[in-house]
Each structure stands twice: as C-alpha cells, then as structure tokens.
Amino acid sequence: MPGLKVVVIGGGSSYTPELIDGFIRRAAELPTAEICLVDIPDGQKKVRIVADLARRMVDKAGLATEITISFDRQAALSGADFVVTQFRVGGLDARARDERFPLPYGVLGQETTGPGGFAKALRTMPVILAICRDMAACCPDAWLINFTNPAGLITETVLKHSRIKCIGLCNVPIHMKMNIAKLLEADPHDIFIDFAGLNHLVWGRTVWHKGIDVTAGVLDKMLDGAALTMKNIPNLKWDGDFLKSLGMLPCPYHRYYYMTDDMLAEEQAAAAPGGGGTRAEVVKKVEERLFQLYQDPQLAEKPAELEKRGGAYYSDAAVSLISAIFNDKREIHTVNTSNRGAISDLPDDCVIETNCVIGKNGALPLTVGKLPPELAGLVQHVKAYEILAVEAGVRGDRGKALQALANHPLVPSVGVAKQLLADLLKINAVYLPQFRD
Amino acid sequence: MPGLKVVVIGGGSSYTPELIDGFIRRAAELPTAEICLVDIPDGQKKVRIVADLARRMVDKAGLATEITISFDRQAALSGADFVVTQFRVGGLDARARDERFPLPYGVLGQETTGPGGFAKALRTMPVILAICRDMAACCPDAWLINFTNPAGLITETVLKHSRIKCIGLCNVPIHMKMNIAKLLEADPHDIFIDFAGLNHLVWGRTVWHKGIDVTAGVLDKMLDGAALTMKNIPNLKWDGDFLKSLGMLPCPYHRYYYMTDDMLAEEQAAAAPGGGGTRAEVVKKVEERLFQLYQDPQLAEKPAELEKRGGAYYSDAAVSLISAIFNDKREIHTVNTSNRGAISDLPDDCVIETNCVIGKNGALPLTVGKLPPELAGLVQHVKAYEILAVEAGVRGDRGKALQALANHPLVPSVGVAKQLLADLLKINAVYLPQFRD
Amino acid sequence: MPGLKVVVIGGGSSYTPELIDGFIRRAAELPTAEICLVDIPDGQKKVRIVADLARRMVDKAGLATEITISFDRQAALSGADFVVTQFRVGGLDARARDERFPLPYGVLGQETTGPGGFAKALRTMPVILAICRDMAACCPDAWLINFTNPAGLITETVLKHSRIKCIGLCNVPIHMKMNIAKLLEADPHDIFIDFAGLNHLVWGRTVWHKGIDVTAGVLDKMLDGAALTMKNIPNLKWDGDFLKSLGMLPCPYHRYYYMTDDMLAEEQAAAAPGGGGTRAEVVKKVEERLFQLYQDPQLAEKPAELEKRGGAYYSDAAVSLISAIFNDKREIHTVNTSNRGAISDLPDDCVIETNCVIGKNGALPLTVGKLPPELAGLVQHVKAYEILAVEAGVRGDRGKALQALANHPLVPSVGVAKQLLADLLKINAVYLPQFRD
Amino acid sequence: MPGLKVVVIGGGSSYTPELIDGFIRRAAELPTAEICLVDIPDGQKKVRIVADLARRMVDKAGLATEITISFDRQAALSGADFVVTQFRVGGLDARARDERFPLPYGVLGQETTGPGGFAKALRTMPVILAICRDMAACCPDAWLINFTNPAGLITETVLKHSRIKCIGLCNVPIHMKMNIAKLLEADPHDIFIDFAGLNHLVWGRTVWHKGIDVTAGVLDKMLDGAALTMKNIPNLKWDGDFLKSLGMLPCPYHRYYYMTDDMLAEEQAAAAPGGGGTRAEVVKKVEERLFQLYQDPQLAEKPAELEKRGGAYYSDAAVSLISAIFNDKREIHTVNTSNRGAISDLPDDCVIETNCVIGKNGALPLTVGKLPPELAGLVQHVKAYEILAVEAGVRGDRGKALQALANHPLVPSVGVAKQLLADLLKINAVYLPQFRD
C-alpha cells in the first residue's frame, strides 16, 4: 500500500498546522504518503510558510509524508484519496464585511449565521461546485471532507448539485462532548450524546455517561456559564429556567437565536470605534502573529497560540473521521450528511448534523425520528432558509435570495431583507458570478 | 322539524347583530327556532341591548325565531344544535393590555399574534374547556363553531383536550376571497383559492378564476396596496419583489411577520400619548357608539357602522358554515380543523386553516401535501409555538410557557421571553387559574 | 360559446351508446358540439354502427351535437376539450387470453387484477403514452378521462410519464353508492361514503346517511349477499364475521383477494369445456347481440340489454365528471388521481382511488391520512406491484416485470411468476413493442 | 463489581449449552456471577440435566460463574441484570401442531411464519407479558433479550404493552453475514451488510466488503444454492433471474414467501406418513439425542451435534449483544427494536429488524429511509398482519385475529382464515386464556 494522498484546498490557512498535527498523531493508523496544500496564487506567501512548517513537523515526527504545494487544482486532485476543503473565498476581509454589513439594520453579523453566513455561502457555492467538477474529472472516488463554512449549507450544495461523496464537518459537537467530559470529570469515551439538528444549530438531546442519562446534571453545571463555550463566539451565560424547561443542551451558536439581542449588542460594541473589532478583525491579528511564529525555522510543532484561533479539536475531528473511513471503523461521529429520513420533520434530501456510523461506505445517520416542538420549529425555519439559500446561490436567483433572507428567523422584515440583499450583492459582487446579469 | 337551537356564548358582543343578520338572510335554508345569547352577569346590560335589537330584526324579517338570554350556561346548552363561541375573557380592557405590554420590549402587541395572542389564549383555555365539559354533559352532539381568538389555538385546545365536535372559523379567508373577486371584477362563486396554513397565517397558494390560474394577475393588483386589507390591522403596502418571488398570496396578518418593524412602529406610535390608542382602545370607542345605536328602538337591522368593527363577512362565514353542516351540503369552506395529514409538514393532530368539504359529518380537509420552503419554515415555527402554547395553557406549565414564547418568531430572545411571561402572568393573574400555585 | 369537442378513443366500443345517453341527459349543462369517435381501421365496421346509433339518439333528443368518426387520431384530437379513453388493445380476444393463461398455474385470470390485469396494462401502456404525445401536440389543455382498464395503473402511467391532465374513472364507487342507497331506500344525494384505496381495491370506510354513520347497518344488509355486486364478477357471499370485524365496506372486486380460492374455482369451472366460458367470452356474445340491436335503424336509444354488459352508471360517472370540470362545480367524485399525500401510507406520486373535489382546476383529493392495518397491508402490497408494473411496462424491463408479478399478492411464488411472465410475453408479443429485443 | 446476574427463562432448552459456551468465551469482557436457569416444573428433568452440563462447562473453563436453577420466576428475577427468554409455550409438541394444522388447507405450517407462527405468538403473549410484569416488580432496570419466536412479534408485544427495556434477537442476520464472509473468503469484520426488514423477513440491501459494494458478486455466488441456508428450513435453490432483478439478498426464510408452492410441497411430503416428520418432529429426535449426550458426566463442552439443532451463532449473537450493552460498545448489531422512523414506510411504533448501534443506552437504529417497492409491499403487508396479531393476542379479540390471518399474504382467503382460526383456537385452547369467554 503506497499510502494516502490528501489534498487540502485552502492549504495556506493558519489552521493547517493543526491538521498536520492530527495526521502526525494518527500516523500509525493512517499511512499518508502526500499532503498537498492547494491555494490560489494570492495566497502563495502564506502557503509556503505553512508548508515549510508542516515539513518541519513531519520531519520531527520521523514520518515520510511528503508535503507538497500546488496552485493547479486539477493536477493536485489527480490521485487524491481525501480532499479537505478549508478555503475562505475573499479571506478574512470578506468575513469582516459579512460581520459588519448587517449591523446598521440591527441585524446580527456573523460568519455562518444570518445574513453574513448567507453572503459567505453565496461566495462559496460557485467555488465548491467547481472543485466538485474537478474531483469528478480527476478523483471521482475520493472523499470530500468539507470544513468550509457554513458547513451545513455548503455540504447541502455539494450533495444536491454534484455526485461527489461528501461529509461536512464542524468542531462544535466534539467541542461540546469534550467540554462535557471535563465538566463531569469523565473519560470522553464514556460520554455519548444524542446530537441532532443542523450545523451550528445542533442540540445534545440526551447526554449519556456509561449508559446513564446525566443530561439534567450537565444542564445544572452549564448554569454557571463557564462551560460549552467556544473561542469564536461571545460567552454569554444561559438562562437557568430556559435550560431546565428545554431539558436539552443547546450548542454555543444557539446564542444567536436564543440571545439575539445581547449578541447583537456585543457585536455592535465590538464593531464600534475602539471596540476591538469584529471577530474577523481580531482573528486577522491572531493570524498575523501566527504566521510570524510559523516562520520561525526552529518551530516544528503547532504553537500554543493556535488555540486562540478557535479551531479546538479541529484536527481531531477531521483526521479521526478520515481514519474511520479509511479503516472502515463503523464508529460514531457527528457530521453533516444527507437526512434520508433520519429526522422525520425535515426533507429527506436536506443536510443535517447528526450522529452517523462512519465507515468506508460513508456516513449512515442514526435514526432521530420526530423532534419535540421545542426544537422542531426553529430547526425547520432555519432549514427552510437553507433550502432557499442553496436554490438562490446555485442558480443566482435574486427572488429566491430575497425569500431566503426574508425566511431567516434573524431578519426582522422583508424590507430589511431587501436592503441586506442589495448591500450583500454589491459588496460581494466580485465573488458572485452567478448573480451577474 | 321543530327548528334549530343556536347558543351564542359571548352573546352580548357587538358582533351579534351581524350574526343575527346572517341567520335572517339564510332563514329559508336554516330553520332556527331559538337563538340563545349567553353571557356573564357583568355583561348583562350589553346582552339585553343586543337581544332587544335582535328581536326587532327578527320581527322585521317576519321570522318566528325566538331570541333568548341566559346567564346559566348549562341550562342554555341543553338541547343546543350549534354553539357559537365569540366571548372575550377580560373584554376589550384585557385586549388593550395584550396590545400594550410587549411594546416596551420592542415586541409587537396584537390580539392574536405574538405575546398578546399568547396571553389571550391562556386566558381563554380554561373557559373554553369548561364550555366543552358543559357541552359534553348537556348537548354532546352539538357542533361548536369557535370564533374566539386566537381561533386556531383555541380550536386546537378543544380538539386535543375534549371530545366535542368543533370547527374554528375566521373571516380572513372569506375576506381575501371577496376582495379578490372585487379586484378581478368577478363573481365570487367563480373564484377558488387553494388556501393553506394556520389561522392568521394562511396563504392563498393559487387563485383560480373559472379554472384558470390567475395568481400572478392578482399579485400584480395587490401591489397597489389597496387590496386584501382588513379593518383590524394597519394597511401597509406589500413589497413587489417579495410578492413576485413568493408567487402566492399572504394574508393581511402576514404583515406581522413580513413587516414586523413597520408594524411595530405603527403600534408604538398609536400607543404613544396622542397616538389614537391601540386597536382595542379604538374598538372600545366604536363599540360604545354601536351600543348607543343598538339602543335605538327604531333600529331593526345591523347598522352600517358595524362594518368599522372589523368583522366583515363574519356572519356570512358563520351562518353559511352552519347551513353547510345542517344541510349536508358538502361544499368547500376554509376553516380551522385537525390536520390529519392534510399538510404533510405538520403534525397530524395539530389544527390548520385550510379548505375543507363541509357536511353533516363535519370538516374533511382537502389534501395540501408538502409546502414549499417559502411557507414551510414560518408555518412550522409558528405551529411549534402553538403546540407549546396549548401544552402550557392547559396544564399551567410555566416551563412550557417560556418555551412557547422563546419559540415564537416575533420574540427576539429568551431574556425578553422571560420578561414578557412574567408581565403576562402578573397582568392576567385573575384570569389564569391554571397558573396559580 | 361554440360547444365542446369530446373525443372518444375506442369509439367503436359497445359502451358508447351508454356514453352518448349520458351526454344527452346532461345536454342542458354540457353544450357538446361534437363527439368524435376514434378507432383503429380494424374496428371500422363497429364504429360505423355505433356512430349511426349515436346519431339517431342525438336526433331523437333534438340536439345539434355532431357525431363524427375518425381513424386519424391526431386530426381528431385537434381542438378537443375532453378525451375519453375506452379502448381495449387486442380486443376481447386478448382479454379472454388474459383470463385463461394464469388458470393452469392455479392463479386467477381476470381483466384488471392479477396477471391478466398485468398483461392488459403492458399492452395498454405504449398506446396510452402515444395518445398522450398526440394530445401534447394537438390539444395540450384538454382533459384525459381514462376508462381503459386497469384504470388505476393506466392513470398512474399517464401521470408519471406525461404532462397531460388526466383523471382515471371507474364505475365501482358510484355502483357501490347507488346500491347502498337502494339498500337503505335512501336518496343517493343523502349518502356520503369515505372511499379510499386503489382502483378495484377501494373500501368504503364509513357510510354516512344525512350525516349519520350507518356503516354497521349497511354491513348487516350486505350479509344477505345480494348487494353491492356487479355484472362483471361472480356474486359470492361475504363472510359475516369478516365484514363485522373489518367494519368497512369492501368493493366487489375485493373478492379476488378475500375469496381467492372460491373465485378461482368459479373461473376454472367457467373456463372448462361446457363451463360457459370466461367473462370475456360471455361478453363477446353479449356484444354480438348488442351490435345486432345497434344496427336496427329504428333504435334511437340505448337498449336495455346494454345493462348486461356491466357498465352500469358508466355514463353517469363519466359525463357528470366532465360536467363537474366544465362547470367548475367543485363537487365530490370518486376518481383515480395522484396521491399527493392524501393517503399517508402510500407514495406521493402514485395513483389512488379516492374522493376528490372536482372543478375546472382538476381533482383535489380529500385527506385520508393513515389507513388502519386491516386496509394498509393489502393496499400497500398491491401498490408496490403497481409501481413495479408501471416501471416494467414503460421501460420494457423484464427484471422489473418479474418483480412486479412476484410481488403480486395473488401470485404464489417466484417460480410461477416466471412462468406467467414467459407465457404473457409470448401470447401478447405483437402488442408489446417495448419488450422486443 | 460483583459480576452480572443473567436469568434464562426456558433454561432447560437444548440451546442453553450454546449460550453457556458463549458466556465462557467472552468471560474476559463479561464478568458473570450467576446464570439462573428458570423453567416450569414440567421441565424439571431437562433443566437439571442442562444445569449440570453447564456447571461442568464453567468448571472446565475455570470460571466462578454460579449456575442456578429456579422454578420461582419472581425470585429468580430479583437482582437480574439481563433476562434471556428462550422458552417455548407448549414445547415442541405445540410446535409440531403449528406445523401440521394449516397443511390440510394447502397453507404452510411453520414455526414463525404464517398461521403456525400466529398460533405460537398467541400462546406466547400472555406469558411474555407476565414475565414483563414480574420484571417491572423485581428488576425494572434489567434488559430483556428476547429469543422466543416469532421474535419480532413478541418483541413488538413487549415494547407496545410494557415498559421493559427489550431487544429481540435472531440468528438469521449473523448467519447471513458469516456465510457471506465464507463465500467471499473474507474476514467477517470486513463485511458490512445494510440489513432492513422484519424478523425472518430481513433483506441484505447492500453487502460491503472493506467499503466496496460486492452485492452483485454475492448474488452470483448465491445462485449455486449452497449458500445462506439454515438448518431450520429446506434449502431450496434461488431463481437467478429473480435474485438479479431484486439486486438484494433475501434471507433464508424469504423462501416461504417467494417459493411458497415448493416449500408447501416439501412440508406436505415431510408430514405425510413415511415423510420423516415436520421440523419439530425432527428436532424432537435431535433433542432426545442431545439430552442423552448432555447427561454424559464426561461431557464438559457443547457437543458437535448441537449444530444440527439450527441455532448456529445463537450464542455469538446473544452474548456479544449483552457484552455490547454491558460494555457500552456502541457497535452495530442487527436486532429487533422499535422503528421510531428508521424505516419511513412502516409505523413508528412497530418493531423492525435492522442494524442498530448497541450501547448501554440500548439500541439506536440506523436510518433506512424509504424501501424500494420490491421490498416495501411484502414487508408492509406482513407488518399489517403483525400489528393485527399483537392487537388480537393481547386483547383476546377474535375479530382482530380473523383480520390478522386474513391479512397474512400466505393465507389464500377469508374462508380459509376462518377455518384456520377455529382450528388454532381449539387446538391451543389450554394455552390461550385471553380467548376464553
């Protein structure tokens, strides 16, 4: 066996050392011959820095994995076994714009949720579908592991509009699981959570510890507010009465729906002059610092500062998923995949985030069945938005785009939706060929 | 055949002459022996005024229908064939409070939609279930025609928590149909609209005129803003791009969801000092004037002023429905009834507003099937709220009440939901025995 | 208004005078300018006889309806408003073969049910789809009223594989309703039956008389065995315990499933030498006699002998359906139409036989919801056969054809299915172009 | 940890040494303190023989597991962690009667399928529900692992009519998997089969070998007829055209549906004088021989002859399932469990046989979604029978019992169903208290 070829689209990302670290730690089970970092010419400088660090890491680990760079996607994809997408169309500058343009309308600006996530999805769709076309030509049997946000929407785009085998991945579920293990002082292997929902809108319906339902205890601990948070989003405290009456665990991103007013206030304060900037603006500074560190020829491991970037457990989620496929492990991962009836309240062909058995034949979702009304309404509303968003973004349909925004629970009116859409199309025009007349 | 006995709960309502007028106009097909107006002792003065007017109307029409008054509900219900509920727990004063208490939180205050509608529903549930218990004892085979708002929620309460045969009725669909007929200068009998949705959240998916799909033409005409409005709600103009991309007709109440910001601004302006007052406060004045008119011993018909009250086509909807049942007509009415699979995207046992074949054996919904995402998300979100609202209101469960409000699309956060709930329970304490400790 | 053009494919059928009679009786509501009888050149003699009789009937009624003949289907279809299909590929000889070829295997031979019906469906599919192509070219807005058996399967073929507006019609439901009215000595207009199922597998779930559930009483009356039978099938007595535990009305054709052994014995006896012949063979003699009668130049009405043919209420069902469409009546007929969610236990896109509101915009099925297990199992099994039959017949797929037969509840094994299929393909080779290599 | 207590109801079964063998082989992962063999007084002799053998086996293995005997079920259940049911109401004599009574009507007589299985189910229901009541009182948190046939029906009875945690188990899926591994000369761990269906009516939809779909290859190999058979049922060869057009693997028991005529002929031949007897009669002789062997004080392992009994992999299936629960393994087993939406075409609350993730919190079914028509029809028909059978057997309802039999695909008519039911109730009267007047 000659070893795997893994292609990373968006290879110049500051996250890449995290990913390389994951491959190194699982080298015994995942014989990786080549990791090819693909990027666009504009990203040349960064990808070279990252590749050099990656080579030093691999060398230090005593592995033979070859780290390559490519700006020719089709050439890179030839012979690929796994393709990991972590690219960002427009970079952090575009993300910063996504975070800012809704604020004047009193609407949340966020990378994945709301109008900002919609803008990012629209920018990403033409690119991801071009990648799929290249994969169909160059590596039709390869697996696409999609990390590019909004991960659910982008995975739905791929699964509805291409034939590529694709699993969407997000570090939120593993993050919740690891944090809960810490809260309970338990071994993560003894924790099983009935996850169900959509990407960044996933609930832990029941938390089992060694087969015992410990959900109520976890909710009690969550009331101190310290737990289950993530670097990427403000750490607002949950309301105790709400959590108890819900009886399930929201994910950190639920704050955008359940604490909309406070989250907006945080964002507006951060975006105001002297406020520290939006998350993208903060991340930009973190990234600059990271790339300085990465250039240190003595550095041969991922630096501790990378943790601030927000991708905790990213490599663990990604590489363990790839290993589960490669080794036909049939173990459970929480991923984004086609519903196929798993959640009865959602269409069969939409993408959900849920527990799946992962093996060489892909992701088989565990049956969720009907959701309780406490979950169903919100999740169905957001999914309706997502379905419309995919239709709008793939076809470049302004009417559907308006319907998508008008049907987003965080957009207060059709009037605001229209203004947001006009702004979005104008600001992102260069990235939205599908909407050009 | 001795003729029907019709019992009107909330008989002292200013709407009653409208209803009487309906019975008079359909006397040929509906032999009504007695119309019994039931009210509470506090409503004694009004019900007597209404009864006297009703008697003059019946006399003028040359009918033998007896108009009676009762403050003993069980006695009144004995022998009833149809029971019409149009009562209002707490009267217009409670409605005015419903309209005002959400405003300080930047949330819409409205009789049927949002926290105001939730408050009204919670007040009404104990009373409607008591009526059902009385009906089970005194007239178990009678039909309950429920007009009390929020009509969908109250009908769902009855159908889930009693054995009484119940149809919920609202004048919105007939209003839309009649207005469209006017717009098209067509005979209303030639218009058929594929209605589907929930009460005050019903869409006309297709408008057929003599079997031709004229939806697009109707939408064009709606863009002038003059059409499809109702007295009860502000007449804001629809956005043309939105209507065209929707391709279906929203109902007037959709403005609360699609134009939330503008509707809130209207409400806040009206509620401000010198603003003219909320709708309930306006209606109170209309009612005072109406009751003055009603006392005129020369008056023997419903006065023209009644139209301002907002119940256009109310009598037409109600009495033609009763006649369709009584005469086993099997004709189509748009009513609130148990879903039973008609709308695939909603639970079987929830109440929907949709086209039904009405006959002596009740309401048989036409099949709607799956809703497009433009409708599904909002309607599922609101239905989740309604399901939670019924659970909360019947059991007096504060946790479910919080979940209901937090899951309402018009409530911006759990924090606001908690405050609204606290206010609501305090303001309405006297009417909410189920929430007493 | 110039009047309707109605095209009858298979115009030379002995049923046509029945149909003409229906148009005459409803002339006041259905202004029919032309009835064009289309047939194949082989049927020339019969269609001329029928047309002459039809002309005499129309003349006697004092109507101006023109009766025309055509052997050029496309020309005939030009300008058509309604197309009625009552053709029979291979004629009664093919039907007689359908009735005989399964008998040696101990399997029922029947026109619509079992392997005989499958053979007839396969023969019909290429022709009906050719008619649909012609309609798409010549009269794309016309309605196709399909009577050709197996009516459900053929209607499913049309609705799945063409864009033509089609309603499938059978006289079984109206026959049941009229017979029940007789049993109850009631006006048929006061009877309402909750029909649901498939063509020739439809149940009357509840019988309402003036809104009262009289099902149990009807079942009691059915136990005398005299009721609800039809000319086309043997009149075997129902088992009382079975009917009572079922609590619903089977249709006469249910005997093929519920009394398979006795029905087979009847068929085998009839098919044996001296047994009187199969139903097709009996009908052939009836037809010969009918065509003799039809040639009588004095005859200007449908002869009483036509009743023996088995199509009672055929004209009533057909012409009242056409009138309901033309006059946008929105009244309830029991027809074959696309499920669209009406019966939750069956696929959305399959054809069911159920109560529909009929108007100018077509057939809107009433919601049936979930079927009880007493009905669901059989109906789902037969529908699976039908779905496979359509796939097999449209594509000429032998594997699917084997699966169809092997999945038919009346075929005892795969081995028998294979033999039946081989016989069927051989006997009908000339009519099955889709299965030619 | 003191070790598990396992209670075996029907402990005197000849299968028990197989089960003991399983516990011995997995002793490292399953610390079993006590295995209590429960039986009825009539089975005293056999259970003592079995217990003695079990003790010798355990001793030889060097384990401390205590083997106990009890005729007091409640006492035995106290403190149980797992309860395994392998009892047989009426013993092999009753089974022999089940196999014989349908034959005169030309209907299959079989332990689990058809009228014989129905009889066995009716006998078992009162006993299994009594066991559940005892468990609720004595060991409410214990797991019930049901092997008693018909395993699907009995598991459905338990899950619908008790609160006991129950998983139904059958050795057919593991048998298929092991045989396929042999066919492919593959390691069973590399084989993954998408099982779905009902007990004894389960299909392998896709066979994956190291993530490659090898279904077509397996079907090719099956055509030689040697594969996938089981001791309990005749080994008839599959039809090649049928298997290829099906494209999925039937289970050995599918022969009763797909080869009904040949299977009946085999049974009739076996049951005829000199025919060797029915399967129960053959098994009786095998059992006699086994019990002779079991009494050999030198014997300290399960004898090779046990394999003839038909329970291959029984212990493997059972003990590995118990271990997966106990050790919270979250690995995939094919078991009988509540549907909960896993197979969209079947009711949520019925029991299916499908792949489940097994852990301490029970069985979580993988999503199957919609079945193709080749499977759906038969499986829905049989499930309708099963739903009716549970209703009939739990309530002792003769009408539902008649409906159950009349809706079984292997019963040719209502008339035969009535006779079968009359015979069944008479023959089994002593075991059917629920049907006593």
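Letters A, B, C and D name the chains as they come in the text, with residue numbers starting at 1 for each one.
The rule we apply is simple: contacts are C-beta pairs under 8 Å (C-beta built on N, C-alpha and C of every residue); 3 or more make two chains touch, one makes a residue touch a chain.
This structure is a prediction, so every number in the text was calculated from the model and none was measured.
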Most distant chain from chain B by Cα centroid: D
Between A-B and B-C, the pair joined by more C-beta contacts: A-B
Rounded Å distance between chain A and chain B, as computed from the means of their C-alpha atoms: 45
Contacts with 2+ other chains: residues of chain B: none
Interfacial residue positions of chain C with respect to chain B in the complex: 190, 192, 206, 208, 210-213, 325, 328, 330-332, 340-342, 344, 348, 355, 357, 359-361, 364-370
Touching residues on chain D, where the partner in the complex is chain C: 239, 241-242, 244-246, 258-262, 345, 373-374, 376-378, 380-385, 387-388, 398-400, 402-403, 406-407, 409, 412-418
